Amino acid sequence: MFRNLYLIISGAITLLSIWMIFIWVPTEVNQGLVQRILYVHVPFAWASMVAIIAVAITSLMFLVTKKILWDNLSQSLAEVGVVSAIVMLFSGIVWAKPVWGVWWTGEAKLTTALILFLIYCAYLVFRNYFPPGEARNRIAAIIALIGAIDSPIIYYAAQIWQQNHPQAVVGPLATQESSLSSEMVITLLTCVLAVTLMFIGIVWVQYKTVSEKGLKNVQIS
Amino acid sequence: MLLSAKKINKSYQDNNVLQDVSLDIKSGDSICISGENGSGKSTLLKIFCGLLRPNIGTLSVFGRDPYKQPENLFIKQRMGVLMHSNMLYPQLTVKENLLFFSKLLGIINYRPRVCEVTDELNISKFLNIEIYKLSNGNRRKASFAKSLLNDPEILITDEPEANIDNDTIEIFANIFTQRLKRSKANIFTSHNEKFSEKCSNRRMKLENGRLLEL
Amino acid sequence: MKNWIKILLTISSKDLIVELKSKETIVTITLFSLLVVSIFAVTSSNPSNLSAEIGAGIMWAAVVFSGSIAMSKLFSHEEKNETLNAILLMPVPIELIFFSKILSLFLFLTISECFIIAVFSILFNSNPLSIYILTAIPIFNLGFSCVGTFFGIISSKSRSNEILLTLLLVPIIIPLIMFATELTKAGLLGISSQNFNLWLSLGILFDIIFLVVLTFLFGKIIEQ
């Protein structure tokens, strides 16, 4: 019952946000049509950021309480988070080329996002390579924590780097600041809401699959 | 009480290897644990020496907690362990291996002690040969020598007689019985009836994860 | 305290003796890094004109990848012969085991870096030796061997340990790689590095944070 209601509501909001992106919201003057990528980019960036913080928290909870539910939750969060990060990185790259004139630049936020993405890929690879069991779950949680500790240091390093190396953005619109109109803000918020609902939904489904798989393994052995 | 284990449970991915295993070892005990392959003998010994942690249950050795530093240093100093694998550096000679471990054990006069142990086990002639060049039996002897270096209060050995010729089994058995006379404790697993009869004064069997006194 | 140093030196000197007999780690690091550096030397049309930007990157890429391969070798040996368990059975505080491995790796890395710098300066006709790189090397090596020991022991328990170690290690030490590359670049260009103090504080911060945190967590990954 709850599940169907959830599906209907989040589906409706997603449809609404698609309508808003493509039809309702006015085109931005400076960047043109390309600016609409932002309505995908920002929500997924938000989702992957939330995922990374949530993985760190659930891993810590697992280390403290040793309850398997936290471990399953952090695995599903990391999986969905990595997918969101891929969407974020790809949409960002596609947006940057026409606007900044380059696919990629050494900007601090970009560098940090890329490296965090790599760390959480390694986290998932570890979960698949290591023999399953209590030790794997514990070490995976530790790796997630180390990643969380590392992220401010990465951001700090990327910022010093940025100071040394002036931005390589040379596109026609690189320097122009653009402000968002109220319609754009509303569209953006709707998109964030849609992606957040979708994110929670997928994490929930994934969490159930992961826990069922865990149970099945137990029954086989 | 040298070692006391209460209701130890250990499972690998819900495969229950040990269920409610309780055991008390007093000085002068020599316990032989028998059981089929895969009955959890090695797991039990690994838990006793601190390499594995039980899922449930408590263990105290010399009245101390083996999972707390620095209490466990006291325990490790008075314990000798010989597991299935020899746990020696293959690139180093027998002597280098034994000297290294006796330094870590904090033995003060370590050079004479190494000679003493190797003489006892009849491997003095291999002292300057690298482990990887030795036969399996001689490696086993070198590893056994390592576990005797600190003249342990408790000697935990997992199938000490594996890969060993009959003459040497005799030497091993002598060491075990002599330790008993000095009221030190042994706990070991074995498939060799003669050896276990000679060396043990308490015999036990692991069956379906439970420890039974015979 | 004195006792601690004695144990530390005992374990590390044992590592050195094993290494002197097998020569595996150092040979792996030096040969592999030689390969990486020579690929760039051979494929660039005029190695002497190589820009400092790319040169510094090449040098540290060689160090990072050869170092991580050598580390995984080192720890998979320990795992195979269960010698790490043998040390765990000894009355040695667990932190000392961690520190002694860091010390041994630190030495191996330093030796191979000297070699890489020599090869680099010959093949690219440049002189990377400067006060900057001399400050960068110890700070980089400390952090690298600290994180490397930690992940090396983790991945030695898995089947595909080389890949796993590299995948885990490289993203975590990216800040350290950036630090070392920036300082090397300044040395190659012969100018004073901008933000030298900032980079230095970053490198030291990284080392301190990871040394403290990983020492604290080390017991948790050893436990079985």
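For reference, chains read A, B and C in written order, and residue numbers begin at 1 within each chain.
Here, contacts are C-beta pairs under 8 Å (C-beta built on N, C-alpha and C of every residue); 3 or more make two chains touch, one makes a residue touch a chain.
None of the values given here were measured: they were computed from a predicted structure.
Taken as a contact graph, the chains are fully connected, with every chain touching every other chain.
For chain pairs B-C and A-B, the one joined by more C-beta pairs in contact is B-C.
Farthest chain from chain C (centres taken as the mean of C-alpha atoms): B.
Each chain gets one centre point, the mean of its Cα atoms, and the points for chain A and chain C are 31 Å apart.
Chain centres here are Cα means. That of chain B falls 37 Å from that of chain C.
For this pair, chain A with chain B, the centres built from the Cα atoms lie 52 Å apart. The residues of chain A never reach two or more other chains; the list is empty. Shared interface positions of chain C, i.e. residues touching 2 or more other chains, are given as 223-224. Note for the complex: chain A touches chain B at residues 132-133, 217-218, 221. Against chain C, in their complex, chain B makes its touches with residues 49-53, 69-70, 73-74, 76-77, 79, 81, 83, 85-92, 96, 100-101, 103-106, 130, 146. The touching residues of chain A, when paired with chain C in their complex, are 63, 115, 118-119, 121-122, 125-126, 129-131, 135, 138-139, 142-143, 145-147, 149-150, 153-154, 156-158, 160-161, 163-164. Interface of chain B with chain A (complex): residues 12-15. Residues of chain C that touch chain A in their complex: 154, 157-160, 163-164, 167-168, 170-172, 174-175, 178-179, 182, 194-195, 198-199, 202, 205-206, 209-210, 213-214, 217, 220-221, 223-224.
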